[in-house]
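In what follows, a single structure is set out as structure tokens and then discussed.
Think of it as A, B, C and D in the order they're written, each chain with its own count starting at 1.
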Amino acid sequence: MRALDYIVPESAAAAVALLNEHGETACPLAGGTDLVVDLKHSPGNVQVLVDVSGLEEFHGIEETERGLRIGSMVTYGEIMENPICIEKIPEVVAASHTVGAVQTRNLGTIGGNLVTCVPSADSAPALMVLDAEVTVTGTDGDRCMPIEDFFVGPRKTILEPHELLADIWIPKKMLGKPSSFSKFGLRKGQALALVNVAAALELDKGKILEPRIALGAVAPTPIRALKAEAFLAGKKPTAELIDEAAQIAVTETKPIDDFRASANYRRQLIRRLTQRVLTRSLEIAAER
Amino acid sequence: MATRTKDIRTDTEELLTEAKAPSQQPLTVPTDKPVAYPLDLPEGEARLRTPAVGQRASRPDGRLHGLGQTQYIDDITFPHMLHAKILRSEYPHAKILSIDTSEAEKMPGVLATLTGDEIPENSFGPTFQDQPVLAYPIVRHRGDGVAAVAAVTEQQATDALEKIKVEYEPLPHVFDPLEALEDDSPKVHGDTNIYTSKTIKKGDVEKALKESEHVFHRQFRTQMVEHVPLEPHASIASWDGNGRVTLWTSLGRITLGREDLARTLKMPQSKIRLIGTVVGGNFGGKNEITNEPILALLSKKAARPVKSVFTRGDEFISSTIRHPFTMDYTTGVDSDGKILARKIRLVLDGGAYCSWTGTTIGKGSILAPGPYNIDNILVEAFAVYTNKTTTGAMRGFGAPQVCFAYESQMDDIADALGIDPLEIRLRNGFSENSLSPTSQTLQSVALKESLTQAAERFGWKEWQE
Amino acid sequence: MKQRGRGMACMWYPIGFTVAANPSAATVKVNTDGTATLLTGTVETGQGALTVLGQIAAETLGLATDDVHVVSGDTDVTPMDTGAIASRTTYVTGNAIVRAAEKAREILFEAAAPLLKVKPDQLEARDKRIQVLGFPSSSIPIAEAVQHSEGVLGNPAIGSASYNPPTVEMDPETGQGKPFNTYVYATQIADVEVDDETGEVEVLKIVAVHDCGTPINPMLVEGQIQGGISMGVGFALQEEILFEEGRQINPNLTNYIMPTSLDMPELEVGLVDNYDPTGPFGAKGAGEPTAVPTAAAIMNAIHDAVGVRITALPATAERVLGAIIEKQEAERAAPQ
Amino acid sequence: MLVEINVNGEPKSADVPPETTLLKMLREDLGLTGAKLGCDVGDCGTCTVIVDGVSVNSCLMMAARANGSNVTTIEGLANANELHPLQEKFEEHGALQCGFCGPGMLISAKSLLDRNPEPTVFEVRDALAGNLCRCTGYTKIIEAVMDAGREMRSGQSGA
């Protein structure tokens, strides 16, 4: 690895000030599971690492009146073992479990995964179907936005160079919502997603209420399948309806052809996985 | 033009500035804890029993593995040791017009560079010596090394590689093995890409196919596969004052490795010592020299021990991999599923150099008809060069490829004739004194025993019902 | 829907090089306390070769495995060996060791014979003693025999020997000949589940029954078989080096997909009872053949599950689904 | 920069360049070569160590980030008198072949048993999925971990 400076700021404010001072040559370090690899192989012009992984402000998982807050520096390993997460956002726990392997989950943070912003980020669809919001902190203070607005393109977020992702909020009414997550990779262990899908919904007098479908690795950023959601809302679920919704979801995606899979195969996976997460979510809703 | 020899640095200032290099660290585990651990074997351990054969004896190296005490190459360091890195080709096929290492030599920490024209005998290989240690003047695949650097730290060596200027004149390339067979394809070496072939011929296959009640034909293809030893290739070279060189190496065959080194370095074998440490996975991929001559020469130039550990990327692109096979199988059977004739054509993608293709085409051809009594056989096999990663020895030397084909076709035949897959194998399979495709009388044959035991353990009959 | 299928594959595989000489040499020295040292030019590459070779030396000398220290892998010290390749170590190096240890043992028999008042050819080495054949009570410890031979007769117990498997050149036109001295055989059966909507193949179980002649160390043979199968599973389903204009595009362990612990099926291993009189104590070999039939068995199981014949490896989920769809379309197109 | 860590119960420090990974510091500055470099990007798991109670890829963790942490490496499993039950069972089962994955594999297994003393076979597979092995097919490794778990549980109940 090339020579670097390494700074451990004492507070989020200090971190923001450092990033502001060094501009594009500085990079915040969270879990490092992506960044350290980049620094070894394609360091770009990064000269200063600002280690934000230990900052108190970015840690903790707690339930408040607003909902569930997850600090951006919380690791996947911590989410998987947290009793509130296991109870209230099981599909986020399930998605966390599919990230890398134990060692990477113990290093990798949920915030880091969102900021890296690869289209296949496993946590994103699971958070999106829960209407998650994110808080960004920078020299001008904090701003809050729906998680969808955070993603701009492959490896590109809305963050300014001086800004940091502080925390992720899941609104109270979305906690414990019937939901399901599914990921398809090229193997079982340490798999990268060819497609990942999450769904959340409720049943009201036998009709689908507030359906949510989110997909990863099928477009430049993780996306919501809004047309498929609109199609399902208020309808009585049947196998045919679910399949039709899944086919609508396929039309909302722009999967790529690459060495891992063809776009055509990814479309087949999107349809099947969407069917499966919807069906599973309905089963959970029906059990309630 | 290529680089010139670099003067050995002897000034004390240089040495002092390197005093903080990793090479200054002690050799072994300097933990404050004792490194001697419990020494006794458990009572009743199979290693203590007679007779020795048949015992489930534990491995003496197993305990050291578990303690983290096994020393692989990368765990060994010497004072003043340098690290080497190798620059690889930018083209799959090209002529090197010039290599300029002068900028690299000015980089901090760099003590020696090396190019192909400096290697006393720049070729090696277990069958044909068609592979250069460092390619010069022709590169034949992107994994070919073109220059090497030895520096105080790995990072310095890596940084210096970027300063080496290589001018290439691209040459036409061929990647597909079937295209490489064509007369007008670009040639990787010489005037034909077919560099070895093999024929196995027994009986009259054409006549027997005509007389067969059913004839099955299919083409099968396999892919390029990497060995993935968890330990990448690694070596250290060090010279003594008598002009004798010692190499610690992850090579799996040191006696022949020493022959190859003596040949490439043009040195007497008595002046070369190879020490094979515990190899962290081989599977066929560590059966020939790779960077050993490069390290020996860099070490000689720099007058320091030189270590090189392949990156995972080097491991993929510059070490050998498994031969892809294109296999045409035509098999004639009677209505009982008895195989009357089998005609096979194999095309092996050899990549840029021969390596262990001789053994692979030999075993692949002999084994291709499968473990079956067949009177009429024709196997024709060809190995072709392409401008891709060199294929060589890998666990099974062509056998997994041909087994995929002959056993898939056995099930095709069984399926078409409505015969149980176990039954068709028992009907055709070798038994004691069967004649092989090369008409060798086979002994200690246990094929049918393996079939029946496996079927029994699996519950095959129950499943078929 | 998940579809279950079973498939088998059998194979044969030779020991050693194709016709070409591939000798090994060995030296065995017996110490005055009855322990021994074996010198071999092979290298331990993980298969447990040194353990097995030590067991072969120990057996010849009537010692326990732990009594023999194995020195390997140094061209200054150890004798010629063709190396850890071609599943040849147990058979070829093992045969050289038997012959070397027999020479050392012969020296001990010569020394012990007068003490036991018999001829040397009436002796055997067993349970760390030199004893009269059929009369275990008439015996002396091996240590005593070494001390007598070395200290009184001045004849240290040491032996060196080599072995090369006999072969017959293959005819250049027809390939007829005897390219190898012996072969091993095996069968593997795979139980798989194929998701016919995604093409994903899960291997649930593999039963593997192999012939290696006498298993010198059954635990290590099992390890070879289990490891070989994992390579076979990767070859069957996942692994492939991909190229774009001659450049590898997945030269890393992120995108070159080899099996992890979650991708390996349950394995059941069996060994065929067999004895090859040409091998050391009846042994042949086990290294490479373990990886040979796995892919074929899995492809046959996929065919059994969903009726498609995979003709190009690896059988990735995409390729399997493609074959399933092609079959469905062909069935639809076919006249009823 | 000065990095101070507690390794296997002993305070250690080293003055390392800021870009040093924990793996490099352990191997080159502290002479603890048990953790290996197999891929350098967190895929193979040969560099696995335990930092403050959780297993991590030390090739992906900056040494500076480990400053002040408690680190357990393979060298810390046995003591002068006895092997760790995992080491004992790995040896007994012949679980390792070339051994290069061994230190990382054992550390992952220890980390699992520390948290979950009675894992299922699936949980063992899941816990070891970050440690690639090319020799063994994982079978004997999984058997050895299950067996070590049993031994550790019986050891505790007997105490």
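Convention: a contact is a pair of C-beta atoms (placed from the backbone, for glycine too) under 8 Å apart; a residue touches a chain by one contact, two chains touch by 3 or more.
Here the structure is a predicted model, which is why all the values come from computation and not from measurement.
A.B. asks: Among the chains, which is located farthest from chain B on the basis of C-alpha centroids?
C.D. replies: Result for max centroid distance from chain B is chain A.
A.B. asks: Of the chains present, which has its C-alpha mean closest to the combined C-alpha mean?
C.D. replies: That would be B.
A.B. asks: In whole angstrom, what separates the CA-based centres of chain B and chain D?
C.D. replies: That gives a centre separation of 30 Å.
A.B. asks: In angstrom, rounded to a whole number, how far apart do the mean CA points of chain B and chain C lie?
C.D. replies: About 18 Å, centre to centre.
A.B. asks: Hey, how far is the Cα centre of chain A from the one of chain B, in Å?
C.D. replies: 42
A.B. asks: Can you list the residues of chain B that touch 2 or more other chains?
C.D. replies: 56, 58-59, 61, 228, 278-283, 312
A.B. asks: At which residue positions does chain D touch at least two other chains?
C.D. replies: In chain D, residues 39-41, 43-44, 94, 98-99, 125-126, 129-135 touch at least two other chains, as defined above.
A.B. asks: In chain A, what residues contact two or more other chains?
C.D. replies: Within chain A, residues 1-2, 101, 188-190 contact more than one other chain.
A.B. asks: Sort out for me which residues of chain B touch chain C in the complex.
C.D. replies: Interface residues on chain B, with respect to chain C: 41, 45-61, 91-93, 141-142, 173, 175, 198-202, 218-226, 228, 251-256, 258, 272-284, 286-287, 312-313, 315-317, 321-322, 358-359, 362-363, 365-367, 370-371, 379, 387-389, 393, 395-397, 399-400, 403-404, 406-408, 411-412, 415, 421-422, 425, 429-430, 436-440, 442-447, 449-451, 453-455, 457-458, 460, 463.
A.B. asks: Sort out for me which residues of chain B touch chain D in the complex.
C.D. replies: Interface residues on the chain B side: 22, 25-26, 28-34, 36-38, 42, 56, 58-59, 61-72, 74-75, 227-232, 278-283, 309, 311-312.
A.B. asks: Looking at the complex, which residues from chain D come into contact with chain B?
C.D. replies: Result: residues 7-8, 10, 27-41, 43-44, 46, 73-75, 77-83, 86-88, 90-92, 94-96, 98-103, 106, 132-135 of chain D touch chain B.
A.B. asks: Taking the touch rule as given, give the residues of chain C at its contact with chain B in the complex, in rising order.
C.D. replies: 6-14, 17-20, 41-46, 48, 50-51, 54-56, 58-59, 62-66, 68, 70, 72-76, 80-86, 126-128, 170, 173-180, 182-189, 191, 207-211, 213-220, 228, 231-232, 234-235, 239-241, 243, 245-248, 251-253, 256, 258, 268, 270, 272-278, 281, 284, 287-289, 291-297, 299-300, 303, 309-314
A.B. asks: Residues of chain A touching chain D in their complex?
C.D. replies: Touch residues, chain A against chain D: 1-6, 8, 29, 31-33, 36-37, 39-41, 49, 51, 53-54, 77, 100-104, 106-107, 188-190.
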